[in-house]
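Labels for the chains are A, B, C, D and E, by order of writing; each one numbers its residues from 1.
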Amino acid sequence: MRQRFQDIDYLGVVLWLLRTGIIILVIWGSVATIIQNPYSSKTWMDFIVFGVAQGSLYALIAIGYTLVYGVLFMINFAHSEFFMSGIFTATILLANPMKASGFLDSHPFVGLGLITITAIIVSVAIALLTERVAYRPLRKAPRLVPLITAIGASFFWQYFFRGLFGSEVKPFPQIEGLIGKIPFLGTEILINQVVVIVVAIIMLIGLYIFVMKTKIGKSIRAVAEDKDTAALMGIDVDRAISITFAMGAAMAGIAGVLYAMVFRQVHFFMGFIPGIKAFTAAVLGGIGSIPGAAVGGFFLGMFESVGPSLFLQGLGIPAPHQLKDVIAFTMLVLVLIFRPQGILGERLAEKKA
Amino acid sequence: MKRFLIPIFIILLAGLILGACAPKYECTDPLGCVTYAPGEPVRIASALVISGPNTDLGVDSQHGVEIAMQFRGQLLGHDIELQAEDDGCSAEGGQTAGQKIVSDPTIVAVVGTSCSGAGVPMSEVISEAGYVMVSPSNTAPSLTNPDEAWKPGYLRTAHNDKVQGKAMADFAYNELGVRKAAAIHDGDPYTEGLAKVFADSFEDLGGEIVMFTAVNKGDSDMRPVLAAVAAAGPPEFLYYPVFTAEGGFLTKQAKEVAGLENTILAAADGMISDAAIKAVGDAGEGMYFSGPDLSFSGDIYDKFLDAYETNYGSMPISVFHAHAFDAANMIFDCIEEIATQDKDGTIHIGRQALRTCLYNTKDFQGITGTLTCNQYGDCADPKISVSQLQNGAYVRIWP
Amino acid sequence: MIILSANSVIKQFGGLVAVNKFTFDLLEGQIASIIGPNGAGKTTFFNCITGFYKFDEGSIIFNGRSLEGKSPDLITRMGIARTYQNIRLFPNMTAIENILVGLHPRLKSFWVEAILQTPRVRKEEKEAEEEANRILDFVGLSGLGDQLARNLPYGAQRRLEIARAIASNPKLLLLDEPTAGMNPKESSVMMHFIQNLRDETGITILLIEHDMRVVMGISENIAVMDFGTKIAEGTPTEIQTNPRVIEAYLGRGAAAGFNK
Amino acid sequence: MAMLEINDIHTYYGNIQALRGISLKVEQGEIVTLIGANGAGKTTTLRTICGLIKPRQGSVYLEGENLINYKAHEIVYKGVAMVPEGRGIFAKLTVLENLEMGAFSRTDTKGIQDDLEFVYELFPRLKERRNQVSGTLSGGEQQMLATARALMARPRLLLMDEPSMGLAPILVEGIFETIVQINKEGTTILLVEQNATMALSVAHRGYVLQTGEIVLQDTAANLKQNEMVQKAYLGID
Amino acid sequence: MREKQNTLKILLKSGLLSGVIALSVSMIGMVGLFSQRDMIAGVLTLGQLLLFASPAAFAYLEAVKISKDDWRKGLLAGLFIGVLSAIPLIILVIISTLVNLRQYFVSVSDTLIQILTFNQDVFLGSILLILVMAFVGLIAAGMRYMPIKYRHPIFQGLIWTFGVSLFSEVLSERVRSFFGSFITKIMFKSRATQPLFAIVLFVFIAGITYWQQGHKSSIKDFIDNQPPKKKRQYQLIFLGIGILILIILPLILGTYLSEVINNVGLYILMGLGLNIVVGFAGLLDLGYVAFFAIGAYTMAVLTSEGALGISAFSFWAALPFCVAASVSAGILLGIPVLRMRGDYLAIVTLGFGEIIRIMANSDLLKPFIGGAQGILQIPKPSIGNIVLFKPGQLYYVILIGVLIAAYISWRLRDSRLGRQWMAMREDEDVAEAMGINLVNTKLLAFAIGAGFSGLSGAIFASKLTSIFPHSFNLLISINVLSLIIVGGLGSIPGVVVGAAILVGLPELLREFKEYRLLMYGGLLIVMMLAKPEGFWPSTIQKRELHAFQESTSGNDT
């Protein structure tokens, strides 16, 4: 008797129920919403564009998580601070003075270029410093130890920059030439959103090519697989890891500039939530995979933007947008139940024994 | 370990011997007395949010208390000393700060807390220990509702949320003449409460709330929710009584979302600050802000602002500095009224007497108005005004 | 009596057929081997038996019960234990603790009893410890019980892994390259140990092995795998002379050299 | 001057001493083999030479230059390459990429191209599979790849750690043939092997390690005849 | 060392590094803010201490590298580092006279410049700063050349004096309640120690330490030398004393410190639970706060006397339901994440924690659990007619909870289930191949861990009498995880140590305000670098760390 009970895969049944439940809810909600038809097709299009724009930011930040994870197998919690530090510094020291002096209005793209370069430099510097001090000495320690130093570094940098530049919300100036909308497939999209999407896609593709095709990129992949053997090839492992951090941080720096361009305000705490979302995106796409980070980022952005209106509104849930993170995380669980390795991740399950 | 224990032991022992001759007093107050010997300062505490994201709110109020102390100089020949605590803007922070305060028997009264969430558990601690607290910025209705969170010993100089939400609804419906409105909150108890009261009052007046929705703290992409709001109405009037960061995003992005171009935007006192003006930038031009009446006038307020600028190098950021100033002065007045003084200058303050005196405050002339406390500690002179952002400055336009 | 019967087992990874219609019977009390080039699917077949992989087609019957769809822990409790090609002990646990984990399926106590410290738990724990020490002695590691598994010499780690496997009282023991990385002298010690183990306990043993001296020395039945399929099966002598096996696996020089 | 000269190396893992004063010498053009039981310190010796572990005491000279103060990746630039135990190929990289990594220390594009042709010639299987992800190669092919990759550094000294481990008998012979061929092309080889029979049949000289010490050294031919070696490592009773 | 490095270059590097650290501390406003806080009244402020900490530390460390006989060189190095440390600060001072730096860096105020220049003009101030820094460097370097016999007592004395000064706020309150305000005034002034008292304390501690050096025998040695039977007796006596101290602790500590201990206790309770999940079973859970929240909300809904509460339950009657609710949630969360590993698990649990918080805060559940307005009027626990209102009373409830949880943890760790967890943590696949049912084993870990957390949450709700969703944020999960790792993963006493350090200490250092988290972050990094195994490591953690050292020792020549 006992034997027979053991033979039933309870777990499978429960997971099946869970999956089915969520899917039924999603479908029910979507159908109900579509029947109620509260939004015009233009609004739906807007939701999608908003989602893609937000998703491309997530993707850029997620790259940093995924690169570092791929090489060191650690969650770099401080990555969100690399994102914040660059643009926060550039805003205070460069963007706002340039706006005040009128330079930014007369030479918007030169100014933006300078801001971007500064942001990247600061982000990369903070990343390298963090790696050197908080991670490198612990590279072979039990895995949770660098996780804790990463959390520590995250707090440290947040409040360091708060002390440096203050706790107020700082405005980021509007860049001339990026104001306005352009028509697109029956709707209008903001120019700055177009810029975000285009830049993000270029950066993602560029980075992918860099990692896959160049010698440095390949050496990073080699280090990711086996540090000792990589050293035997003549690869300086420490340097490769530093480059990895620098690349991730540079992407985060660029993401910071794009963020500031779109949202036009910066704050010492601004990294926290995008950081968590980007990390979620990295896992959703399959952590360790660059295309995965990109796909995960776009998916997450879409879920957040379209989800509340599509899935929840029809169910009559009050304040659905408050629950967008619930949707995002539920989707994450759902994806991971189907594919434990993420959308584009490598199959871990079959490798185990 | 032993290395550490021995010195502790010896110190304790030495202290015990020396301390055997501590003096004693007599007191008839049911809640006990605080006694200050000559030369000892009268100690009050503040429990305001001075760390974390809402720092501005609390620091400002703390400065208000400090200036009140400075103006008063001495109480019955004693200096005044402030013990500044942090309420952390959270329930647990409020409780801990409260316990810290009540562990010090030389503290006679408390100005605090900043946040309503911290006020609930703290009022309980303060009340139980027989102390008294006056909050400069708790606005949650429950705090002065004896069926909910009110405890004896709790008072406030801040207005009840019910007043502000109602005033804003009144302004929108009657003054601006809008009939379709929407409200957004960010899950903060203050914000949520205010938005709710606004929505209810607006509907009571006969208006239509096309959407009552929420965002999360820390969100930056508000476009989806704004698009949903636009699609629901679009409303003529959008009220989001949130704080600077989220408010900045909402304001700027509202201008970019199709359908909301002509919607009137409005926020509350959480966004009345220099930082908020900078954060909303051009997008905030013309938007409305509800808040306690800022048009404090009179000599005292001018003197207050002078002192503020001299002491802290800037003008006050949020509005509750004035409420804190009044709260401190109410306490000082009562101490002067009920304290008994010995010949050598020693003063005794009965805790129950102090409470009673504060609850009986009537027609107290503060910079926030004329304050009269009810039996549950609501002392504010509920003047709410609406200002508009014009050319980067708040201009009071109503009433 | 047939204790394990695999019938046309197929296991695919994506497009790659790792095990292709593999059929193999194992008699109770036998020592049998599977040999074949690297990547021929030997370890994959082990993983199919132990439940780590769900095979796609065919059947594996153990002791009259199908193993299809069973989870690894259940299969272990049915009486199959295994070791790994690259030793997988619990490196930060002591030798005794490793064996105690191996004993797990034989213990009955419920965790609530452990909190309450019922006499039954105490008795069982004490017996388990004694049994673990007995097994440790049996595999020749007496006195090393308190050593961390990670700090044991290589040969001892192999033995400890086998000790941990037999602690669950299995009917069938799967050994994945037990002499890998050993020199001839060490291999022959291990070979005798395996033989001994079978003789004393009667456990059926299935080996994967590259060392032909060991394979030919102790196996009673040998299956040869290549590209997932069985290309030959038989006694050592049959295998050594099988031309297909020589061509695919042994090589001419090697085939000639075993009987030295 | 000897190609490689190690003097009195003492290496520790934590507080456990793995090598107790190893000294050995490899002359230009030789194949030298290290044989010994598991845990005798063979792999540790190789890892010490290529800089993955730093000894507490002792020196490693490559053509008169002390390597002790160089990091592993710097030593590669001095002309030392290693085929690690268990092959250590980069499973997610393609065969070609693996080979490129082998040539990481070099900048002469032309030379690399030539060497690529050379290793393809040596291992035609690799050429067929050059764009395949190397994790999907069979064990024998992986061993070929690991060897080829090490050759891509165009080393003067090649360290090989158990090249025949876990390989089917039929492949083992091939590997040793390759070793001889590589050596003929002018590369000096230090070989660590379990399969002492094969190792001694290709090597010029050999050292026998026991618990971190060298107990015997001689020409390969003499070692084959040595009674102790026969008993312990050749399986001849 | 590779080549013999140029000593001057090293000194230059560490001198400037020290200067940059001093500059950072100043520019982020710590020096300015803490200059208002006296350590020793009228003599030393905390700001000054911070400013001088980095040259002192670097000078000492560099001097340690220089051989003992070469004391002239060592002192010179200290001097050099001191001077170099001043340079970045002087540059800051000079720039600030030319540009209004405050529009960029909010903390570079006039006050800061005044502190840095000792209220003198730029030129004189800079020279003074150099001199003072050089002096600090010299003294610090000099300490190294002092015989250990004297150095050790001096260090002890300094640590004690600074420690007492740092905690003077809390200490003075205790001193006052025990010995009256007269004594307090002798010892403390406002929030600082009186100079005379500081000197006495320093001399006293240094003296005792010096005297102790001659009398090495400690209590532990004494007991170890006893025959086994007596040893057991002594152990029992010490256990008895320990229990007694635990019982009378609130009386010694007073209201505020009892409150702090209570908060620590709640975290210990959570830590013990998470320790089972992460420490024993190796399942990284970043959403642990969820169970705390569920326990708290269950308590609130069942007992609240407000509109939302059922109010039919007493604290004690509700407690089992709270634990049961958390346990069920633990199992419910456990099921979908069973097959996820490592960091996938981490992010999904993090998501779960956030989902719970957002749902609690949402308008959707507002009619049931109050949304943002939370649940009010939760009664405190009571025994008979006595309401356990004061922290000193609630302490016992928490103490009992902690003791039970610790006992269960301890029993389970050494049981068959504990071995299952350990094996699973080491190697999941092999554990499964050993016949361990991973599903049950994991779910049990989640469930028991969640149960402790739920208990903690239930007490929390009752202690606070009102709960709001924002009390259940991610920071709590992170805090609990940090504390078990800082204490030593898998170690039961480690949880207590970790909670004391990461919860108790920051609570006592409230006055550091906005720099609390900065220091918390820095502290986490430093502690992990110094003690990666934690402060009270478990056996298995020690073993793992040993492996870590073995694998790294090769590189540290």
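We adopt the following convention: a residue touches a chain if its C-beta (ideal position, glycine included) is under 8 Å from a C-beta of that chain, and two chains touch if they have at least 3 such contacts.
Just so it is clear, the structure is predicted and the values come from calculations on it, not from any experiment.
Peer 1: Through how few touching steps can chain C be joined to chain E?
Peer 2: 1
Peer 1: Identify the chains in contact with chain A as well as chain B, in label order.
Peer 2: Common neighbours, chain A/chain B: E.
Peer 1: Which chain pair has the highest count of C-beta pairs that touch?
Peer 2: Per chain pair, the contact count peaks at A-E.
Peer 1: From the C-alpha centre of chain A to that of chain E, how far is it in Å?
Peer 2: That pair's centroid distance is 31 Å.
Peer 1: Using Cα averages as centroids, what's the distance between chain A and chain C in whole Å?
Peer 2: One centre to the other, that is 45 Å.
Peer 1: So the centre of each chain is just the mean of its C-alpha atoms; given that, what is the distance between chain B and chain C in Å?
Peer 2: Going by mean C-alpha positions, chain B sits 72 Å from chain C.
Peer 1: How many angstrom lie between the centres of chain D and chain E, each centre taken as the mean Cα position?
Peer 2: For chain D versus chain E, the centre distance works out to 50 Å.
Peer 1: Among all residues of chain D, which ones touch two or more of the remaining chains?
Peer 2: Chain D, residues with two or more chain partners: 16, 52.
Peer 1: What are the residue numbers in chain A that touch two or more other chains?
Peer 2: If we look for residues of chain A contacting two or more partner chains, we find 167, 318-319, 322, 325, 352-353.
Peer 1: So which stretches of chain B touch two or more other chains?
Peer 2: 55, 187, 212-214, 216
Peer 1: Give every residue of chain E touching chain B within the complex, in rising order.
Peer 2: The touching residues are 109, 156, 160, 173, 175-183, 186, 190, 204-205, 208-209, 212, 218-219, 254-260, 263, 306, 358, 361-363, 371-374, 376-377, 389-391, 460, 463-471, 507, 510, 513-514, 516.
Peer 1: Chain E touches which residues of chain A in the complex?
Peer 2: Of all residues in chain A, those touching chain E are 10-11, 14-15, 18, 69, 75, 92-93, 97, 133-134, 137-138, 140-149, 151-160, 162-167, 276, 279-280, 283, 287, 317-319, 322-323, 325-326, 328-330, 332-333, 336-337, 340-342, 348-349, 352-353.
Peer 1: Residues of chain E touching chain A in their complex?
Peer 2: Residue positions touching the partner: 24, 27-30, 104-107, 278, 284, 335-344, 346-348, 350-352, 354-355, 358-359, 361-364, 366, 428-429, 433, 439, 474, 478, 481-482, 485-486, 489, 514-515, 517-518, 520-525, 528-529, 532, 541, 544-545, 548, 551-552.
Peer 1: Using the touch definition up top, name the residues of chain C that touch chain E in the complex.
Peer 2: Per the stated touch rule, the residues are 50, 52, 71-74, 76-77, 81-82, 84, 88-93, 97, 100-102, 104-105, 107, 109, 111, 114-115, 117, 121, 125, 148, 150, 164, 168.
Peer 1: Please output the residues of chain B touching chain A within their complex, sorted ascending.
Peer 2: Chain B reaches chain A through residues 53, 55-56, 187, 212-216, 218-221, 223-225, 227-228, 230-232, 244-245, 248-249, 252-253, 256-258, 275-276, 278-279, 281-282.
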